[in-house]
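Chain IDs A, B and C follow the sequence of writing; residue 1 opens each chain.
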């Protein structure tokens, strides 16, 4: 029998319903797993062990009394620490929010609780979601469970690593420029960035509001579908959220036309490129023709992304002045503006860089040169992609242009670090859904395939991913830990 | 290069103190980033393209109703009288 | 005479709203314990998002229509970025028209009177910041500011005019009319403290513009402008230049003073608010709203003149006091006699109020209701009481709240129409006022004196027509 910490979410629910084990057994097993691997991986910022155990007991009682249970009843879900959880510290991996305990649950957290999911704790990230390695967390960086010397990707690195290492069964991440897909690729798990507006952002601590979405990170497509359906929907607390149809597990696959984005292939490492061609073979096996396509405006995507994301970030992060919430820093004898500047010195370097760049591109005189152009590129890119989606159901390419790399390799050169997001920012700029699927390994390091679809085209992503998952055999559990 | 003055101005309007280390490192790093995004200038200007990705109909907007949430302590540093204590203004 | 150009920037709270602009906290923040009218959204907790109030858009559209502005099909919100402790997010959600049209009203023209037109640059909807109650601490706290966010997020309408005013009188005239409009549209109760604020810019002889901020009531605006014109004239008088600068109004000392230069150096880094999509009002929005919106003051004025046949003068007095005008129309519903009712209201009634009131919402606590006035006018018209008696009754019922008939019955104040009783009074007056009688015989103008005496003798109850006839016939004897 599979060990309880290796079960998929739907298997946990089945096992509990059939009485094969109790929720308490399952939670205890996961806690033991965490005890064993967490000192190596560092996925969590905050663990709510007592909360998880008491939730488990409630589920067990419900099961015993044959009460109805939710779709994710008993399943342990980890939450990226930039999603607001009532009563549980939410730090964004920042000194600035060290002592911040939210008074409210994000809409996705409410939905998860209603589904019976057990929230085990808060997962590591790059400070405020700004980074691709978790090295910018103010806590310890998370390590890649497949190779502890390598980064797990970011910014949802804690989420990717925890799911890969079996420290939780599913996790929620957030994706502003690739923050779900990058760690999913690097940690060999499945991660989806939904269509902009499909999932409520209420309670997601904003980095760049117009780009980001909350999404699931899982070990199976089936789990991902369950999770996505639970968190999707129009929310009265988010004016940018929209209604959507539920996703289902396909009975059989209809033919899908696949476009392989040429520019993303040529810009990638050889090992990564090989895997994409391998994937295209697999697509052909399941009856989906592939051909290469080109995206004309791709060239401008990353500069546009960094302009917009930094601009929004500089404004979103202005509220952290430590007056209303934050960390311990006495107001002393300071005048208010000195106090603000002193307090805000406690942001990490990368956050400061982006705030400064954001202030720069929004300054009078530069707005037209940077911000407006970036907005224009965004529209052009979206139009170009919508045009391509008339012909192709899916556009694919590598999720990351490179393999997971060693700690410290890029941290001193911001541009180098930014460049790893080049494949993922496309979906955020265009507001379209994108999934990262494990596709293979090179030297023991995971490689992910990115699939993109038209707005609200998640069903097509799921249809293809479900079939590929069946025929591509990927080891699920890293041996190194 | 971003000049020291320019950097200080940006830090001032962003209300962020920079450490000595950052004051040394940032001018080059920010300059590189700005050079990188400068490529946007080459983007052909096409004013006919709408910039807005999302629209909301008036009918969908929130109705004007009061909903008072239960008494929660939303902020820290609250005095006995209910005021929030902040740094002095002058 | 030097040329003066004045422009205004007016902020009016939409006090009619139940909730705030972006959350469901109370719009009426007044008289609440500090920081008790806040939620995750209006105190800017991490992860909260603004949810725009539909009704706020309607009210600001009505104001745009009233001030002759165009209302675009689509509107947007922008962020204005600056740091200040009363601003929970350290940015304000507002509107901005530099990179295309986003605000609710643009390019307005407002007829101040037959000759003068004021151009309205724009009308925009935005959120109010919180309040810094004590900038240097309260009783027990030193070196701290005390902040209250109850007001944060309350909906404001900002009205910006072109510098079309040439003097303080025009400004006063405009602000009066604007107040009336705000009241008639039921947008803003301008008498509430802090509900209307005004920034002013003044330039003279084509010189630099000086902005005056912090004028917290319309009454102070005229004073601030007068002060500023005098100040600038003096500067020019000494052959000096006027700096382009921001000054503040000190309403205790009644002077303007220069803001510290640092405070003026704002780069607000405006950009579109990403949490609120473009709002599509639709092409019929304005037309539909026009049908539903309350009558504007000038429309009401015309109606009073035409439908009720009131004079310009009477109509004006009523329109200038919306509550009185409403009282008038409520009375009409009970008894349709517009001219008589209006005359009582704008004369005796109003003078009694002015003796009696501290300004705010006075009609609410008044003992006299439309029922009283309707009955009083019926008594006059039914020839039951004289106008003089009516005045006395009004005074009495203001005190007691009794109905006029009750007063009349209990104090025996019905009009005297019995000729014999009046004749007795005439006799008595003729006996006592011999010289006046002689005068009246020679000069018919003096007859009014005798009538007055007769009325006084009967406590104003004698039917004046009958008394006059009897005096005349006695003089001719």
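We take it that a residue touches a chain if its C-beta (ideal position, glycine included) is under 8 Å from a C-beta of that chain, and two chains touch if they have at least 3 such contacts.
Keep in mind that what you see is a predicted model, and the values were worked out from it rather than measured.
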item: Chain closest to the middle [Cα centroid of all protein chains]; value: B
item: Chain whose average C-alpha position is farthest from subunit C's own; value: A
item: Distance between chain centroids, defined by C-alpha means - subunit A, subunit B (Å); value: 23
item: Whole-Å gap between the CA centroids of subunit A and subunit C; value: 56
item: Separation of mean Cα positions, subunit C and subunit B [Å, integer]; value: 39
item: Residue numbers of subunit A (touch at least two other chains); value: 103, 210, 236, 239-240, 314, 318, 321, 323-325, 331-333, 336-337, 340, 359, 363, 372
item: Multi-chain contact residues (two or more partners), subunit C; value: 40, 43, 45, 51-52, 83, 85, 143-145, 147, 267, 269, 276-277
item: Multi-partner residues of subunit B (at least 2 other chains); value: 13, 15, 53-54, 56, 62, 74-75, 84-90
item: For the subunit B and subunit C complex, residues of the former touching the latter; value: 13, 15, 52-58, 61-69, 71, 74-75, 78-79, 81-90
item: Of all residues in subunit A, those that touch subunit C in their complex; value: 82-84, 90, 92, 97, 100, 102-104, 106, 201-206, 208-210, 236-240, 311-312, 314-315, 318-319, 321, 323-325, 331-333, 336-337, 340, 359, 362-364, 367, 371-372
item: Residues of subunit C defined as touching subunit A within the complex; value: 40, 43-52, 79, 81, 83-85, 88-91, 99, 143-145, 147, 267, 269-271, 274-277
item: Residue numbers on subunit C that touch subunit B, as the complex places them; value: 17-19, 24-27, 33-36, 38-40, 43, 45, 51-57, 74, 76, 83, 85, 132-138, 141, 143-149, 267, 269, 276-282, 285
item: Subunit A-touching residues of subunit B, taken from the complex the two chains share; value: 7, 10-19, 22, 26, 29-30, 32-34, 36-41, 43, 45-46, 49-51, 53-54, 56, 62, 72-77, 84-90
